[in-house]
């Protein structure tokens, strides 16, 4: 269990003994965790750990085999999510989500996408279509308000210039931001983001961080986040839950999680007692320098079997202020390295020239672009074969 | 009991014909994901070709053994009908491959309308009756089995065996199955996708032509509009069995055949088609992908 | 046998050689396709036996024509298209240069002169030229009129493009008046004008508008919500039989039964919708097709109520809002009330305006609904159903409202159809009708009201024109009936239009709201739905 034990009212989402079985396969086994109100909770874990399945249970796309999912709304009402029909979870329990493979209404304009998100509110305002059909003024006001809200979120997402373009025409990073803006237009209390930074370049990733921090600070919406990009996770999350093979292996603050040997082992794929050996092997400055070579900012996520199928570069922002850059090939080692980096403030990566950061976040130091092509020496890649 | 067995045999005969047509629907659907609406009319063209060949044989020779006549009819019908389907695929479907999904459906409907009206214009709108080719009827313990029915079932069984061999044991069948799984990947691996799809259309048409010949022999009459009803029934059969699944098409065909003959025998002949369609709807409500179809997984 | 040849040989072959080779292939294929069907014809002799009639000359003509067509296309058509880039990829329209070459002032004047001369000689044509040539002359006149009208439209094309909807509605509203006026001038009397207008108003105007309305109704289901419905004609039938049965049995007025028929069709839409909405894609298509067939078969077989295949006759006419009737024997017959000459054209013209009003209602409601949450939800459903659910949209009720709204307009059109015909039978509600309506929706461009109206006009009006080509009898002999080729050409036109413009006449989508400027969304972004 987590080291800090919050009171029940503090938790916006309580997941208790959640299990999901597909036939004989146990995708999630007896998972319990909490997401606290007003915080960003990150759900991380190697590929296939069942993170998206947890999301699908929370948002009603799957009915869990066992367990209880309680959502406590700000007004004091609670909903058992596993009992609500799919579409009522966003409508009544105020949970919104985005998807790993972006699901926009690509033939509709950005503005229309955000108006569709306000469907339930507008349905009521239009008297379930009937009053609106005859042009009652109530609907016209509501319609104008909904456009204002859409404009607000388009501005937040920095997309207002393209409001009248089809969503399918946007570049990838903008589509991700639009999807978040669309989810926010439903007025959620809990926002579930499934790999929002996947496939983003460092600049876009930073804009995303800013958007998420803005949402957290200004709307009071709590965020539950699945992410492979450790830069995002470590910079913005208040609380991290680590899954492996459908089970929780760690839970706590980003710092606590990162130093948890079980997490390291899960990501490295080695036995606990081997962790130290690995540390010694890869915690070498030379290795890190070698990693930090060719820039490859445009590279998206590969279908690699690596645990870290995120962007090629993972920038790990350290809570103490160090920033250690590791590349994908060595990302397993990078976890371990991050730990050793804490004791060695003058990391080689620090010396690299930085671009001015756009991130307004206060909790983390700017994680500007520090691209690296994996030119990994054999020994640093050691954990890779052990999956 | 005898009455029941009698209906079973009638249903089997009818189901064989539906099954043969349904394979054409299901194969095309499996490989390019489109409903080939013109397939019913391809079946009708097959039957008409057989009819004309029958008349040519009658005009050229004083008497031809029935077996040879049937064989010649079938082979010519298979050849010419395949040519029709091959041409249609090339002209009306291929340019639209990979485009908007409803576009090939509309061209298929257009082709269906054009084909049946082409036959109407060239051959006249009337029913075309032929004298019975095979009239022998066996009576086994009160159940009458006509030779026609035996021929239909045997020919169907032989063809299905041959077809099963082609799809499962030859490189052509492998190519087809590969295209069905992933057309792009198949192309990357050196499979000539266009050719494979053409062959699929040809095979479907050949089976439909045999079904047409058997239909002509069984009922002894054909008209230009006769493609629609068997076509829709066979399509229903393909969906009932699970569209895209070859055993499903045969199973669905047999089921529709049985439902029809049983319903006409025990309830009302007027509502036999209503029964077939209603059962389709009911089955799909409980098994949304048909009986043997792969259930569609909703990926989130 | 392959029509396309290997690339190596293409490099060597000149266009002429290639064209010759392609023509030979095409000829061989045509010979194979047509040898039995055109070369021979099955006919019944006096003793009702089938005999074969040989028509080898016809086969030869068809094969040679096919070869010539293919040759010309490959030798001249393809290079011409390739060089001139004749078809603008984005708009599918001819570029200016090509069109301006076709529409020129001298040609326009020539066309006007031809029309004027032939109109002047109209009465004496038969005497001057003999019946054969007179037919050609009339055809020439029709072509000249079409050319002249097209030239005018071409000249004002930017204006027409900018004000298409307004101009279209005005033209439709004035259409019967213009027809009556032109024919009255031509025939020399008002009565002749009314009499002559019957065909134009009924066969063209009303007929096309019924299809426009049906297609606009189906557009809600297929074009907006993306649910493939192959049994739309069932709702049309429900509406028609609702009016026919209730009108003949209980003598209820059209004005009561019109909404009732719409409500009944909508009810059936919901009834059908409930079980099938979990089905996806082509499964939904076949179940809707089956539903359409079930309705038709029940109409045929439930003889006690529907009178079976014989249908229902004596369906009451629509009254002029209860004030006047269109039955000559009634005391408040319109001609008596208004004190004008008796004519059957009044009823047709009234029906024309009635269906025009119903169409405009359909368009109005569709446009309004698209800008409302439910309409946006329909389109969102077409784009991505899962995303819809993640936004709290109840997809079941959304689909049901689409089905019900579409069905309701089908029901309206059905009751109008029954009133117009005065007779309904299951014959009118076959699958072919569903297919035609769907084809109009797709050919017009899914979701686009203007495109669909144009498609209905082209497809229905175009095939209707074939009835006018009686002069062809002079060419092909008195047995030749152009109507026979109507559906053959209709089917081929469907294929050709679809190949030419796979996204329909209007492929782009009008957004329903905008911040700065309204820009049409290109068809390449819109999805067609999965069901």
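Descriptive notes on the structure:
Letters A, B and C mark the chains in the order given here, with residues in each chain numbered from 1 onward.
Definition applied: contacts are C-beta pairs under 8 Å (C-beta built on N, C-alpha and C of every residue); 3 or more make two chains touch, one makes a residue touch a chain.
Note that the structure is predicted; figures quoted are calculated from it, not measured.
In this view the innermost chain, defined by its CA centroid being closest to the centroid of all protein CA atoms, is C.
Chains B-C form the pair joined by the most contacting C-beta pairs. Subunit B has its Cα centroid 52 Å from the Cα centroid of subunit A.
Rounded to whole angstrom units, the spacing between the C-alpha centres of subunit B and subunit C is 31.
In subunit C, 386 are the positions where the chain touches two or more neighbouring chains simultaneously.
Of all residues in subunit A, those touching 2 or more other chains are 61, 99, listed in ascending order. Residues of subunit B in contact with two or more other chains: 298, 300. Remark: subunit A residues 59-61, 86-91, 96-97, 99, 103-109, 111-112, 115-120, 122-123, 126, 129, 132-133, 139, 147, 151, 154, 160, 163-169, 182-183, 186 touch subunit C in the complex.
Of all the residues in subunit C, the ones that touch subunit A in their complex are 365, 368-369, 372-374, 376-377, 379-380, 382-384, 386-395, 401, 509, 511-519, 521-522, 524-527. The residues of subunit B lying in touch with subunit C in their complex are 29, 35, 37, 48-49, 51-53, 55-56, 59, 80, 83-84, 87, 90-92, 95-96, 99-103, 105-107, 109-115, 117-124, 126, 128-130, 228, 232, 235-236, 239, 243, 270-271, 273-274, 277-278, 280-281, 284-285, 288-290, 296, 298, 300. Residues 3, 29, 32-33, 36-38, 40-44, 50-52, 222, 228, 275-276, 278-280, 282-283, 285-287, 289-291, 293-294, 297-298, 300-301, 386, 431-432, 435, 438-439, 442-443, 446, 484-485, 487-488, 490-495, 498-499, 502-503, 523, 528 of subunit C touch subunit B in their complex.
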